[in-house]
């Protein structure tokens, strides 16, 4: 007889603040954050997590919480967990920690999430030059499905995953991080060509004691002060895994993490009900609180055996993953392409980031023709299970990136209504003076032999006008302060 | 009764040179290349194509053909085809041309292909700083499968597709291309930060009359001279589609191409038996001759209706695609991650190209532990159906890219042989002085409860030594001339 | 703001007996069983369920509970639920009830299940003539995965589903059921040709007051006596859905049930963590307690609109289903065929049941060569996600049925150990005097070019001998009482 | 360097009669039919095949060819091929022959096929009591897709496969076949309960010299007479494989066939562009001429090693199969259920054939509501990639079978036209006096929140009347002769 349920090692009460939880949370990476629990190899255990902001974003009618969110609070993580083998010997630096995600989901009783656009001056996002003001959409879950009152006509099964899973860095690795990111932040934007095209800021998020939470280390102590000034922020993914935002790390997948400190010190957080490749709007997944059911295995000496460093030290490695067997299955995809020519028409050299930006812009333009605002589509592409691929990275000078969208996420009646020359008859949901309206993704789901007949000999009309629900906005949008760099100037 | 077989509009004789074909080929984009045939909307037709080099690469024992290949010859395309509707009215600028790929494959009697690494000084590739010398692998086809004598232990079904499908540019669009690429080429490498990390060259391939083939336009005439000096090279993908190298454009998929000139002037070429996302070794697909069976539809006014320009003119658009229903099905994937920190340890800002480079390097390092040379893996990742994704593009400063490899492409016995402590017993294929050898992708295909027993209590050993077949090499490798830029200096 | 969690309408306490639950259960179909709750169209609600036996089968070391299980207790169902529209009007006879399964799973804290062979004289099963004695295997769940100490070397993701989902029959439909099943039971086995081949018994399970549970109707009352003598048993699937055991009714699927009584009176039960097509060992799924999260919609008049009766009355209909988007994904299948020739060599006429029996026997024989007992394989094929298909049903006289098994459910190291001529070295788990042992499903996972070398020139040996864990057995097996029909005589 | 194309061992000229082909064909199973070619293990070779009738069914406007087709001519097979190993030693009885299907397809220039209903008195079919008269539909191929002028609104990718692949029987096995089938045919229909429900006839097809073709054995010789009187007909699948009609034996799949005679004597034929599970209309696949590219391997002694006999002799075995990796991918399925209660309301005991018959009838009734005739749907379910499954085979007395149809095969506009209350406006293709028409598979593809609005507040109307193209019929339908058994009497 085996234990019939996973052991709960980190419980969460969503009614409490992050710093009030029974098992203390943390929001920085540091080797000296003390483990909150021991976990034995082979044991099935459960970790619960607050959402990345610890409850600061609410299920309400305003995007003000997004607009004013202090990013120094993020991400609230559960852990660290000290992993030991069946004889009690902890994982050691140089080992590989295999973490199997046996199950995951939202926390019972808290089955909702949100997707947001951050303000250009506060966090930004991949397209912050195009969409500079804060917006928010709420998502409700119906088992495997999510829907949003703010983005009507879509409902899709989530590919739920943790945005963050990582081990603690060693002192040496922490120093490497802090040095290379500091160097980047100090470089003026002029020296970074991508900054002209990707308007996100800041360039890097350096250590700061502000809002720093270090688990069992009490705030205000000398130890806390020392650690808070050097502990790495959680925003980027790094050698320890961390915020890698790989949407396919869902049920049944496995992560092989390098171990840098004794016990591995595993932390997790930033649960996503669903996310598109790239998570383009920054707060772009369907962010939620949630739980993980995990099983660990220590592969002794595995770092040397399986991970070859690519960089100046043996610590310059990256985790390996295996994808699980139960992802949602889509069979029809509409694909948008981008090449590394930016919005100003300038040619870039094999730049996949520029190419992907253009692919996303193309998809936004296309889908906005069916009654959505562009901000709605931007959010949708951030959080629906779309795939961003690097198709060509060698055909100078153009990198080719693609964005593939499963058409099944769209309510087909919603889109098809534009196709039929039915005028006032469907007046309940279409508020259009123009009778014959645009055919929606018609080439994706229609048979061409039929299409002309469907339109009854009339020419294709213009885009359809509808009065749709829109995204939740912040109270003072329209009064965006001026940006100080080039980035602000090229916004449309 | 319908016609029982597609009409052959461009026949190819692979025993003849590209310029000797019955229907003339071309290797440049230009509005004035005359159509070689008319095709009617709705008609099923067949186009045959030489491989991208027109037969310059041979099924022989040397990579010299790769080393000395003159890139001004590429890519030989079939077409242009003038598309008309059922009343004979040609497609017009502003229309959208829907091209359905009903079938495709290698040419009967020519069922083989090749994958190659280009010399650093002649074309290069995504990792040319790591792999600067020319190499070649030959692939033979067995129906849907390909195998290579030079890369033993893998056999996989191809996701066959055309690397190039595109319409002719208008004069205005051609000018835009030439100007922006010229500007890029004139910029010194110092101004292009990516050139320090991506050592490919040249920066752009500008128009040149050298080896220029313009279909029915006779070489040497005044018209030819004028056109040859302004016709765009075929290497990058651009607004007209072109060399987009999207591996999923296989059976049943559909391309929606913008029409820039009367008749659309559709051209195709560069058939790939299989390709990985990114086609990283540049000549990285399994290159072959082949055929396409196509069906076109003209969507009148569709460019304006469905494609929104992203850029300064209405011509700054990109095609849209639909993926077909019969791709090979893989259920287990091993995923490698990369972040935008380069090999020197330098932090880049949200650079997906750098992140993908690192993911590819990580995969090469990993797989080379199982008896392959790194060049073998580099070629394999270029041509097998692996997926390159942009996972995170907003978590400053690290972009996160992933490379996912379907484990089913590997012959499992080949890899498993290292797992069993069988020493001399399996002497037939393993030529190793060391008895206990590395466990191959064990975490991908093994159950951990069993693994320690499998190794019989012995510690994990080092990588296995085998005398494997290697890639075909060129005659004078090792005498690589010095490069003139920064790119040459950081090669390992 | 929407409710953030589904409303719990039927709670279960697994520590209590079925008749002690707060909301009373039932184990018969009858129009007069009173609804236990109302549910509104569009509302997300949660139903919890005991396992089909209400806790009679235990996580212990004996199959005695299976041997002596009284089948008159089954199946304990939760419900009936009365479905009303948003204005409170209940579903009416003639409507169609669409039930979406938004989520499901085991009950938290009770994450285990069992699969069993019933005794030939007590329930039997598809192969009861071959496997007449009771056996049991326990399965433990690790999130999406199940494993059994009694069937080592397999672990697979469940395609979890309710075995039973149905509406209450009307009086008229109940009478049809009772009459046609009584007629069958009264027919002597001699008149039923399939009984010579399928030795299951009894032929039908007619109404009986024994162990009858009728929800809110108190046992012993006159009403109870009347109803208990006419209420239909729950074992077969019928026009109301019921025990249809369709393994693909998992997350995201939808059932369209005919409505026969006011309110529809929806009941559910018999949760399966996983099941193979046919559920061949009778208690053949991984049986468990569990929960469903459901959403209903009433399609007014939908029965007439969408379901055409096939039979003498308008009630002779069957439900329709839609499969959900998140089933486990397997890409390699090993397929066993059967034709309608029985074990005695007798030819049957297009009999799919006989053909499927032979396909299952073929699979058992094959897999038992790899160290499993035949009973172990019989149980495994009952509960793993294998597919039973009717391939040919017209090529007289042979029906062709197939059984497809996803090879990924097997621990590959477990099976591969037989392949390597490693003798005593792997002594930990192989207890074999014979050095070179059988290659396991080699053709499924091996490349043939390699195989002969792997065996090192030695001929293929016989099946491998291992001392494996076996199934849990009942205390007095071997003393099976004689059967009274033909069925007993042909058992092996 | 390897051969670049498969060796053609059996060429076909579709303009010639089956008996005029350069390499002689055969249409019976017999050990003494001489091999037409040798094939070496590991060699890639190509076999071409006529369609099963050898060209008797024409691409014309009448079903007369079906009505009067003489079934003694079928199936014309290519082969036998003698399989030898690399040293020239042929496969021996007791070996296993692994046949990999590397590629397959229609013959170039003959890219069409047909699906038919056979006359009740001449061949019949699974539902011959419901559909007793001959009908025909022609299918044209566009690469991977097929469409039929007689069944508008559907187009789907084929899961192309050979209906027949088999080895020659030994004398002993041939005798077993002839004896058991003769015994069946001699049994009166009264003794076979299934014959009351499945009206197919004849019960078995016994050897007959009529139209017998035996390859190189010259017709009329003494040898021919002897063999023709004992050679087995090709209609049923048997121990040697044969006409197993397994729709998933497509590209990349593998068959493991028992070897009964020296050289194995492999024959293939009956190519299907596509087929549904069960091939219910008998001539139910999309029948075509075609080619196979195959690769064989001999597993010495493999019959004993891998195939356990289920029956009285060691010859009572069945082949094993592996499914290939490139089947069409569908994600949405509509599922119809059947239970073992027949059309008269009679209860059968766990009879999967009866249950499947009812599932097929349910699907026909449902789909015929969308403007199709029932015969059109019957043919469509025979040939489209639908799946027939045995869901429950133990819940006495009802077997539960399901038929799952991928909804993507339907032209969605075609079906959706009924949904919109657009009346005369879509007059081009709908010829209906009734304005508001049935919603087509609405629950499969629609979102319920939208549906009532789509219907604009009107109640759901009755089925839509359209004047559709219908199936090709035979000249004298309506004059069906009386049948002699019970089977004729219950036809509707």
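Letters A, B, C and D mark the chains in the order given here, with residues in each chain numbered from 1 onward.
By definition in this document, contacts are C-beta pairs under 8 Å (C-beta built on N, C-alpha and C of every residue); 3 or more make two chains touch, one makes a residue touch a chain.
Listed by chain with UniProt protein names: A, B, C, D = Formamidase.
Predicted model, so just to flag it, every value in this text is computed and none were measured.
In terms of the distance between Cα centroids, chain A is separated most widely from D.
Taking the options B-D, A-D or C-D in turn, the interface that duplicates A-B in more than half of its contact pairs by residue number is C-D. The distance from the centre of chain A to the centre of chain C, each centre being the mean of the chain's C-alpha atoms, comes to 40 Å. The distance from the centre of chain B to the centre of chain C, each centre being the mean of the chain's C-alpha atoms, comes to 48 Å. The centroid of the Cα atoms in chain C and the matching centroid in chain D are 29 Å apart. Along chain D, residues 325, 329-332, 408 each make contact with two or more other chains. Interface of chain B with chain A (complex): residues 98, 125-126, 176, 180-181, 183-184, 191-195, 198, 200-205, 235-239, 243-248, 254, 256, 277-282, 284, 297, 299-302, 305-308, 310-313, 316-323, 325, 331-339, 341-353, 356, 358-359, 361-362, 365-366, 369, 387-402, 404, 438, 443-444, 448, 459-460. Here chain D touches chain B in the complex through residues 1-2, 4-6, 44, 59-60, 101-104, 108-112, 138, 140, 142-145, 149, 157, 251-252, 293, 295, 324-330, 408, going by the rule given at the top.
Within the complex formed with chain A, the residues of chain D that make contact are 153, 155, 329-332, 408, 411-414, 416-417, 419-422, 425-429, 445-447, 449-451, 453-454, 456-457.
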